Amino acid sequence: MAGNTIGRMFSLTSFGESHGEAIGGVIDGCPSGVVLDLNQIQLELDRRKPGQSKLVSQREESDVVQFLSGIFQNTTTGTPIGFIIKNKDQNSDDYDHIKDQFRPSHADYTYYEKYGIRDHRGGGRSSARETACRVVAGAIAKQILSLHKVNVKAYVSSVGDFSLQKKHTEVDFNLIDKNPMRIPDENFASEMIEFVDEVRKNGDSVGGEISCVVSGCPIGLGEPVFDKLNADLAKAMFSINAVKGFELGSGFEGAKMSGSKHNDPFINEGGKITTKTNHSGGIQGGISNGEDIYFNVAFKPVSTIMKDQTSVDTTGNEIAVTGKGRHDPCVLPRAVPIVEAMTAITLVDHLLRNRTTKI
Amino acid sequence: MAGNTIGRMFSLTSFGESHGEAIGGVIDGCPSGVVLDLNQIQLELDRRKPGQSKLVSQREESDVVQFLSGIFQNTTTGTPIGFIIKNKDQNSDDYDHIKDQFRPSHADYTYYEKYGIRDHRGGGRSSARETACRVVAGAIAKQILSLHKVNVKAYVSSVGDFSLQKKHTEVDFNLIDKNPMRIPDENFASEMIEFVDEVRKNGDSVGGEISCVVSGCPIGLGEPVFDKLNADLAKAMFSINAVKGFELGSGFEGAKMSGSKHNDPFINEGGKITTKTNHSGGIQGGISNGEDIYFNVAFKPVSTIMKDQTSVDTTGNEIAVTGKGRHDPCVLPRAVPIVEAMTAITLVDHLLRNRTTKI
Amino acid sequence: MAGNTIGRMFSLTSFGESHGEAIGGVIDGCPSGVVLDLNQIQLELDRRKPGQSKLVSQREESDVVQFLSGIFQNTTTGTPIGFIIKNKDQNSDDYDHIKDQFRPSHADYTYYEKYGIRDHRGGGRSSARETACRVVAGAIAKQILSLHKVNVKAYVSSVGDFSLQKKHTEVDFNLIDKNPMRIPDENFASEMIEFVDEVRKNGDSVGGEISCVVSGCPIGLGEPVFDKLNADLAKAMFSINAVKGFELGSGFEGAKMSGSKHNDPFINEGGKITTKTNHSGGIQGGISNGEDIYFNVAFKPVSTIMKDQTSVDTTGNEIAVTGKGRHDPCVLPRAVPIVEAMTAITLVDHLLRNRTTKI
Amino acid sequence: MAGNTIGRMFSLTSFGESHGEAIGGVIDGCPSGVVLDLNQIQLELDRRKPGQSKLVSQREESDVVQFLSGIFQNTTTGTPIGFIIKNKDQNSDDYDHIKDQFRPSHADYTYYEKYGIRDHRGGGRSSARETACRVVAGAIAKQILSLHKVNVKAYVSSVGDFSLQKKHTEVDFNLIDKNPMRIPDENFASEMIEFVDEVRKNGDSVGGEISCVVSGCPIGLGEPVFDKLNADLAKAMFSINAVKGFELGSGFEGAKMSGSKHNDPFINEGGKITTKTNHSGGIQGGISNGEDIYFNVAFKPVSTIMKDQTSVDTTGNEIAVTGKGRHDPCVLPRAVPIVEAMTAITLVDHLLRNRTTKI
């Protein structure tokens, strides 16, 4: 195992390069007896696929998932779920010019140095195309969470220097998919659509933040000491391409507060123990406390831009890298289902692990 | 395994509650042939221990590590290194009054709900006392990294709303341990000492940030896809008590930049490939690129304060929780060696894993 | 992860049911830079496939492996190797009659009880068809071992009550594939071909033993205490369908000897330390000592027979199970490449792990 | 992790050398709420300790277990259980003469070659003293199994060339601890006591077999494909020092049978589905079927004998190794609790894992 598996009980092992024959994965530890809505899984994939709007890459990836095992008469059997997504529209020639180039802030250089060999076509294994496999596993995880009344919702909350002026508690999740930016606010979404289009015309890219909220999470998920629920969420998010930051609950702002302000007093609300505030972000001592889990994830601007840049090639010569191809000026809208997927995978894993806690 | 082990090849399994007989751990996968400076390990523990100054807890924990195996004539033998740190000065009676109380923002409630039983004495397993074991393993990891010319340095860079006005490249690491705040700037340190003392007098607590810099890291550490070096660092940091945020390289600020500004152009510096800027924070595609790895970690203010707070008890009655005992108004200085330890453990793990990459 | 992955550094995760669309797997941790002979991999699969002779199942499984990732220009890239083998000739209807039956000594009953649902077609996940994936991973492992001059050879050494009267040191490995029984002795092979044909005509099945020899194994493979090389080999063998026994070196006979006879004295043979005898079977203290590793694996007779048997159905009614379909009277010849594959996977895993032993 | 941990959910990580300060371990994943009989744990340790009779080593190891964490008011808390057993009576000088010697069939040579350094005192990490830690974890596992009405019983069934003439179904488990040989048959026990005493007088050692029976095991334990219950039991047994063979149910004899004889017909016994015979040994398709699980484990004669032997030293010189010290002529009686412990650990691990199988 060399880093291509996540999860201890509910796990995804993924494989595939962006321009090979197919990408795919194996979901192991999926409980038996889950009646799957296969159409819903495809819909999640569609949320991630390129070409949804002019804001994102115009590549036409069909991203049709094919299940090969583990599902019998639409029901999970408890055996591993193998699946593939064929790579179509794979113009490998598009990448011939970068065969010996190290594109700035891409993984070209590090892969080449680590492995001594590089499948240069479209970023190979380092391409975000791999995240489609996560969306498949995440879509199944979300259906399992649904059965337990747990809801995972992510949305774009910042683009470049601009931020949504709403707390997670004020957001109407129904608005998320109403616009191509996946911003749950019509006005702010319109502004950002214009902004990103401007960025695109300039041949540049822009980063931002995605916020995620988990409601209905049962108390008790997460293991001390190292496998705290927040620690596993942090890892899951940082395993997504282009992520540069993660903060839970009060986050970096919370670090500026005093303890007397930050502490969340417990109250008894009609027989249910809850907290007056939720700076903890739904996790205390690494274990979910039943309140909303919410966090922000920072994404850097994507490295592929349409401007010329300086770099070096494999022999160390300084070169110019030409912007070329079809790429995303802003990856955020497509990253929303990925953040949800990684969150759902992590939660289901801990849901199962928690079953072994008490005698 | 229920979350008390970290690391795949170089691993620490820790055990122990704050008021049991001892805490301790097992370091498995430590390579043989490392000639250890045992005194240096104790010095790292002393950096973490309470009672170093009036800024931190006045409990006198002796924190003397006793090695029980895996070391023969000061040299590691390749077999597991078992160790214990006895708990002294353990006034369990100090905690009798909280036996049935859920202290705000502590782990009392979640542990009780998860396990159905709670060792209430001093936070039990959720106490930060457990981190002493990490410092032991981290101190050994740092000695291994030293042999590979890798250097890990952490320091306090923010306290409450105040921040050190220096980039990580401008910091003189020799100043870190010159003051009890572990701030590598004499003036700012003096101000913060006064500030924290004020907080202490108010019976309150305050959070802040710790920055960490890894220099000399070889190229190639980190595994795609899920075990990216940054993903494992994020998990390692978020496994530390009170951490609410983690950002690598440009971090949350980087999310506001355009791709053309954020990208790090490769240059050839006298035969060595390096980057002009380092917004990537030394990691690209999840793999170290040889540049400095740097990141910030946000800590919330510690939950234990000397003010009265409202809460509920195990039967759901609303109660007043009285501040009592000896605690840290600001945990940051003592967390510096912990951040270094978790960083070092993660790096050594990936150093060993990387040996299996090429045929 | 629910048991479908083997290996810690070099690992195989397999998926697939006998009558689903395809079986397949992911090999993670394969070192980069291995120039693969893809034809050789297919040849190993051919050694396992049914229909090779009248001694084994007459099903015509094509068993063509398709690699989807991890190999670029015939060379491993260090990224996961995904592969599938399509299921053809899958007459699911053949199995309609057993839909509600628990066939004696099959896994029908235990799967049904464990999962609450059963893909009854051809044994589903419990079918030995899954072992084709192991042969793929094993064939790659064998090519890696070849680069390190390690040789893995298995052969049929017993059939029913009849045993090959040759020690492993007297066997000519070149004879193994000269006959359909994979017995490295022309006369004994002929006798056994007749014997198995008799068993087939009776509609019955027969078990036996496979012996395996590893030569050229480097000193030092295997980890104390729990991951001893012999412990991991025992697990690998017992993970193969129908295995009932495993013995290393002197094995069960060795238990009858006195220590003074059993001990293997070290000798210096022209500067090379070796042992006069090899009752240890090449492993001491769980670690390879450079001598031949040899072991025997006992296989029970396959459960599917062409005779009628009594059993119960899913509602507990007593029923008669009718023998029907195309099956192996003796699985041993086809199991030879599987034993080799599991041995090779285990050895490569430990070869890589051993690289992390010394500083 | 370098092989010193066993179990995925219920796990033991052990540490310690025979002549260091202490051995010990960490049990992680023990469910909370188990009310422990600590005295019973000590009794299991006493069954393993040397000096119980003249048949086994006369070293006086006190083997008193000290629990350091994870138990509060005699009840498990769900946090890791750390424990140590101090090494007393550790005459390291006894071993000075073998400092540069490779004792035949010991692990001296392989450890030296693997690690480049050797703690020669009493075998160091390779000493069977480490198994005391397994007995501690196993004793806790047995108490958990008791709550689920599962019973694990092991006994000596062969010594050298002599075998107990009773099937496992005919054995009265109450007789096991009635004699120092742990043979559940008074007459055969007496004969073997005499036989072993003869061996001891000759300065030699003798091997044999231990049989183990698990009754009351719930249906459904074990994971396909690689973590079959039998595969994990095989590994657990082969991780014990001196084990050379493992067979489940019909075992090596079963390999000689025809399918029609070997198959276990299902029957309905008053509403309960059971099998007429139990050649399967209680496991089908890697999953427990509710019948008795039974298996045999072959132990080679212990390597330490009181006779002079030839060998080589670390510089390759041929030498004579002198028998000296206090050792076991027959390790079997002391290995009985170890076999039970490893069985119990494996079963509890799968008991917990099985809770995640169904939605």
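Letters A, B, C and D mark the chains in the order given here, with residues in each chain numbered from 1 onward.
Everything below uses one rule, namely that contacts are C-beta pairs under 8 Å (C-beta built on N, C-alpha and C of every residue); 3 or more make two chains touch, one makes a residue touch a chain.
Quick caveat, the model's predicted, so the values are computed rather than measured.
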Subject >> Greatest separation from chain B - chain, by CA centre >> reply: C
Original post:
More C-beta pairs touching across which pair, A-D or B-D?
Top reply: B-D
Original post:
Per the centroid of Cα atoms for each chain, what is the distance between chain B and chain D, given in Å?
Top reply: 39
Original post:
Where the centres are mean C-alpha positions, what is the separation of chain C from chain D, in Å?
Top reply: 26
Subject >> Gap in Å, rounded to a whole number, between the CA centres of chain D and chain A >> reply: 46
**OP:** Return the residues of chain C touching two or more other chains; collapse runs of consecutive numbers into ranges.
**Re:** 1-5, 8-9, 14, 29, 32-33, 78-79, 114-116, 125, 224, 353, 356-358
Original post:
For the complex, which residues does chain C have touching chain B?
Top reply: 8-10, 29, 31-34, 76, 78-79, 144, 147, 224, 352-353, 355-359
Original post:
If you look only at chain B, which of its residues touch chain D in the complex?
Top reply: 1-5, 7-9, 11, 13-17, 20-26, 28-29, 32-33, 66-70, 72, 75, 77-82, 84, 114-119, 124-125
Subject >> chain A contact footprint on chain B (complex, rising order) >> reply: 1-6, 8, 14, 102, 104-107, 109-111, 113-116, 125-126, 130, 158, 160-161, 199, 204-209, 219-220, 222-228, 230-239, 241, 243-252, 254-260, 262-268, 271, 273, 275, 279-281, 283-289, 298-305, 307, 309-312, 316-318, 353-354, 356-358
